[in-house]
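Both of the next two complexes hold subunit A, though its partner changes from subunit B to subunit C.
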Partner chain A sequence: MAMTEEAMRERKEYAKKAGWKIFAIWLVLSLIGEVLVLYVWGPHMPPGDMTTSAASQQFDFKVLTAMVVPVLLMVWVYGAWSLINFHATKTDRGDGIPLRGNRRVQGIWYVTSAALVLFLAGFGTYELINGNGVGSGEGPSPIWKPTAKHMLVVQVIAQQWRFTYRWPQFGGMETTSIDLPADTTIQFDVTSLDVIHDFWAYQLGVKADANPDVNNVAYTTTSNQLGRFTVRCDELCGIWHGAMYNYGHVVSKSAFYTWASNMEAQNASVTKLLPPFATTYTPSYSGAGGGYYPSYDPNGHAVTY
Partner chain B sequence: MNKGARISIVLVSAAVAVGLILFGIFGYLRTYPPTVVFTPSPTQPHTVDVTLQVDPDVGPGHAHPAWPGWFAKNAQGKWVQTTLYQVPERTYVHVTVYEYDSGGPLRNPIWGKVTGTVGNDVVLNGKTVSLLDAAQGFGVGHTIVAPALGLSVPVWGLSGTEKTFCQTGPCTLSNAHNVETFTFYTGNHPHNYRWQCFIPCGAGYLNGNGGPMATTGYMAGFWKVVA
Partner chain C sequence: MAIDMTPAAGVGSPTDLEARGLKAAKPWFKGNMITALIGGGIGYAFGHWLGNAIASNYSVYVSSGQNEVAIYLSLIIGCLGWFIGLGALNYPIQKLLGLEPAEAPKSEKRTFWEHFTYSTDHKVVGVQYLFGMLLYFLVAGLLALGIRTELLSPVNHIWAPDTYIEIVGEHGTMMMMMMTSIVMGPFGNYLIPLMIGSKKMAFPRLEAASFWFTVPSFLILLSALWQGGFQSGWTGYAPLSIQGGPGQSDYDVAFALMALSMICASINMAATIINYRAPGMRWSRMPILSWGMITTAFTMLLSVPVLFDGLYVMSLDRGVRTAMLYAGHGGSSFLWENLFWFFGHPEVYLLALPGFAITVEMLPVFARKPVFALKTSTAGLIGVAVLSFFVWQHHLFMSGMNPDMRPLFMLTTELISIPTGFLYLVAMGTVWRGKIRFEVPMLFLLAVFWNFLWGGVTGVYNSDVPVDALVHGSFFVMAHFHFTIMGQLIFAVFAAVYYYTPLIFGIRLNDKLGKISFWIIFVAFNSTFLPLFMIGLLGQPRRVFEYAVRLQHLNQWVSISAYVLGFGILLYVINLIWSLAVTRTPSGPNPWESRGLEWQVGYPIPPDNFVKIPVVNRDPYGYGTGDDTPVADLDPVGDRAAVVTGGDA
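This part shows the complex of A and B:
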């Protein structure tokens, strides 16, 4: 049944009004949503702000969520409005209005989504390479280094199925637990003794693959927020992969030095037996501990163990 | 056949198929070596004695006769090939290990240090030691490491050329062996504490780390601390 001119105009009027109402509801909800995201939920977002890297990741999550909220609300508000108001009554057999493109709406749509996507691309790239960003200070040759004069170096040695930690500034001792001082820049040198593992200290915002024969570096600076963090292996590495985790603590500087000197004394006997500190901790190809390495060096590398 | 009957046939056969698959999976997952239960003697309520041996080959009659593995002496004095040991909480566990396997240098020398035992030491062939230098002698054969208990005990290896070197388990005291004893406290948190060997002793597997190293009953197991 074709529509009369009159009915069509009426419907157009109605649609226009509805459009403004939808826009208004969306605007109000979006503003509320943004405030909630930035000031209520945001400060509690993972991974927290125990370190600069964690804080930077939290900031990234905050920005991404803030960008996403209006988009999500637009879909929801429009959807809800349609469900409630834009349905035909049982007796309505009339056609809808013939739809024509609305250049202005389309234009706004294209420009807005392009701006959104371009912003995210730029923001993401910047956050990847900026100091303390997710990707800048990590890898075998990081593109960014912290400027701190004094860094605490912690070598993370993964093996099936445990992490140990080597402390070159404390006589090269090795420990099976990890404490870190507050307010300190830390350089993690991550390597593996056998297969691929992954050092993931979630609350520190630090995650680095542990590959045999490779030194993956990750930098971060602890804040003065003390507390416990989890160290977890994040690369499926065998039967006890799931049990390959332990807890570390960020403690005050003085508590850290007490802990470290205690550990140094306790481990003095074994520290003597350790190989000299090297950035990788490759077992001898001649077969230390098991003797099942190939009897030659398959990569032609100097053996650093 | 009507529609209802056909639908029932489809549903029933699907259920049977899923059931069979689940039965297979759980049947496989539930194959565990036996747990040896250690109970305190009535006269010494908070101590248990655990006697273990570790052999170069567990020997015939076991799933992988050529793999190295652990045996535990049960209450009847029989050697049971397993790595699952149940001990009470708040208890001093006196462990005696008969080591029949050869050793070698440690991939990471830190595992030569004794930790988590009373006194952080072991008595090896009658001598108290707190550190085994695996670059000396015939090195370390295996280790008993339960990270969550803080327990780490290296077990001194033998020369593989000993005249009476044990070939297949369970070995007997007439075979060449080292005796190591130590005591640890189980604490007051009942839990299944996983333990493993840190000497890659899976001969023939990548880096020595597969096979027995990845199999409960051989080089990986649990200290089941119960209330």
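This part shows the complex of A and C:
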């Protein structure tokens, strides 16, 4: 339908006037929001900075939130403006302006959203390969590995419904609790004996699925911050999934070596009977890959579950 | 493009048969739900017997001590019995016997009981779907309250841990598998022929079947509750699911039935929209709901067979001890994860896409403006549908598989924000300088945009691998998808039910009760799911019945809000039932003053929708142009081709 020139001009003028107002409100609110995100909430964001990976998670989380806040505010400010200004009154139940599109607005929208998304993907990729161990689960074709010369290797063995830890550098001892030294790069070899579990050391910023017959590797470097961390199973693993958790500690290096040496000595009589350390650790009645359970059950059936 | 659908073209109609010198076979059996249940029971018993006869030795090897072959056979043959009892197989059986079955005549006035039989009338199927889906939704919602009751306290337990996992799995599976059809089922089947000017859906028997698959699926899934349930949750990860008992077999068969239902519905929907458009209904004039339906249909057609394959593999592993998903026997647990999520991620868009479409469909009616950037909204739907197939591995970022693929999947996942963002562009452009009418459906629509914004932006956190290492598998993810699915789809459905009851039943729902229920639902929904983001970030994994004591207050807040949310939904349902069954306030023919073709047909809608095939002149969003001529000529005369080329594009 043809539109009068006057109506066209009125429409443009209104859009200009209202647009600047909306922009100004959005800008002010966004600036306030950014300050709150970066300086007030930011330092307290989870999961803390007990390790390099946790600190990196916190940083990434902060960056994403800083990007999300203006987007949220843009929709809210615009939405509030529209709801207040463009509602039908009791007397005027007519129609609005038959506006079917606006090339400029659409173009700006496409370009801005594409730019935001590409930045996010680029930032995420950079953080992933930037060397802090986040994005655990390095597996057989890692895109990043730590450069540290000496790493503490801990094999995390998940099973219904507990975690045990195996320490190849300490005679292959097995423990039911986990202590880690401060200021050390740690390699977690995560595997499972039965179903899929997930090793989530919350305060360490480490999360890796434990798959049967698979060695899922995750790295992290502990900081100087000592304290307790929680280990939870994060992949549904059956009835007692909810109760599959324990606690670990980051302790000083000397305390750790004392603990580990004591444990190694205590375990010596058992360790010599255990099969040697293997990268996967799954029950197998052929005896391959560890052989945790007896090969056959007394009834002659293969027991694998 | 559109094919001829003059009344005489009805295949198998008595007059048509007489003209061909054939005699119509009488329907030898007319089933309903009762006979179907009887048939199902007989089939179930027979299948059990057969399974035990051929495979009882297998149970020796099964940890549960159950003969899974008997269980699978009983469920599958039980389903066949259900369909025979329903009368759904009359047509093929008569055809096999060389008889020529007649189509049942459609009636102007539908009886209440007609909705409990196998009907090939798309309007009946639409209503069947509507109430079926609402029932499934309410049952699954009640289970959610069961979950929240348990989480009131970190240490005192209402449920035993196995019961808790059963409830969690049942809630998730029921919602995710059954709600996929909540828009395409009721609104797609009812509205699409009306919207595109067709007398019927392309495959009426397939259409009826697609609904009647959901009923045994629901019953089987529900029956898992008293068969020990399934501990694997809706994702059914192997090898945990291979450990499960008969409940897990119920999961397999119920999900497979639902997959069949989705495949049937989507084939039918795509065929209808492509072939049965009235003259003049160009792609550019097609209502956005039709676009949503066809993109959803194609997404389903490509993804659901993969699920079906996965379930088949799992059933073989469980039933006859093959070893495809179990690592200890030489299979791989990654296989199921990949098959499942290759279906599972498009699946969440199967929920989101029709939600978007129906939102954009209703929005211009209440904003009194044309859809802003109509082509962009279509592009948004298609973009989401296409990209949904390239993102499944973001569910497996923590699995240890293919670390070098992570940046790629991070990119594709984040790219989805662009087409979903289009829908915000469309919505924001549509309300600009409109005359918004704050009717109840509009309130729900506005809530859709509020809720989905939370769901959308938190999706970015999930796609970013380093942050995902924090939030994956936690309540953060849970809150995220409840915002996208419940906050978007279910709110859109609430809007649509409210909006379309005048069309479907000629009855307007109570406005006051509608507004009260809206505000309770909206506030309680946000109060339930916003804190869950926090709970997840603070380290609470999903599907646990014990959690850190420090999170108790937040969890209690969420649980109480969930009860209030349940109360709000109950009020909404009471409004629906009360208005439909008791007060029955007539609505008038087009209470929302919509320009859509579906509202021009007249009430009651004639048995064949249109006396003559209409000729469509424009898209249905021409609000504010001052041009009040209807979108289609419902009584076209003369040379149709000449009319078709006229009108604005």
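General remarks:
Criterion: the second predicted complex is superposed on the first by the 229 of 305 C-alpha atoms of A that agree within 3 Å, B and C clash if a C-alpha of one lies under 4 Å from a C-alpha of the other, contacts with A are read in each partner's own complex, and residues count from 1 in each chain.
Convention: contacts are C-beta pairs under 8 Å (C-beta built on N, C-alpha and C of every residue); 3 or more make two chains touch, one makes a residue touch a chain.
Worth saying up front: this structure is predicted, and the values here are computed from it rather than measured.
In the superposition on chain A, contact of A:194 is made with both subunit B and subunit C. Residue contacts after overlaying the shared chain place A:209 against subunit C, while subunit B stays out of touching range. By the touch criterion defined above, A:68 lies against subunit C but remains apart from subunit B after alignment on the C-alpha atoms of chain A.
In the superposition on chain A, contact of A:269 is made with subunit B only, not with subunit C. Comparing subunit C and subunit B on the residues of subunit A they touch gives the larger count to C. Contacts of A:164 after superposition: subunit B is touched, whereas subunit C is not reached.
In the superposed model, A:240 lies in contact with both subunit B and subunit C.
When the two complexes are overlaid on their common chain A, residue A:49 makes contact with neither subunit B nor subunit C.
Put simply, subunit A uses residues 194-195, 238-240, 243, 283-284 to touch subunit B in one complex and subunit C in the other. Listed in rising order, the residues of subunit A touching subunit C in the complex are 1, 11, 14, 45-47, 53, 56-57, 60-61, 64, 67-68, 71-72, 75, 78-79, 82-83, 86-88, 92-102, 105-106, 109-110, 113-114, 116-117, 120-121, 123-125, 127-129, 132, 134-139, 141-143, 190, 194-196, 198, 200, 202, 205-209, 211-217, 230, 232-243, 245, 282-284, 301, 304-305.
Listing the residues of subunit C that touch subunit A in their complex gives 60-61, 63, 161-162, 164-165, 231-233, 235, 237, 239-240, 242-243, 326-329, 333-334, 367-374, 376, 397-404, 406-407, 410-411, 414-415, 417-418, 421-422, 424-425, 428-429, 431-438, 446, 449-450, 453, 457, 460-461, 463-470, 472-474, 537-539, 541-548, 622-627.
Residues 104-110, 112-113, 115, 130-131, 133-135, 140, 145, 147, 152, 194, 196, 198-209, 213-216, 220 of subunit B are the ones that touch subunit A when the two sit in their complex. Those residues of subunit A that touch subunit B in the shared complex are 157, 159-162, 164, 174, 176, 193-195, 238-240, 243, 246, 267, 269-270, 273-275, 281, 283-284, 287-293.
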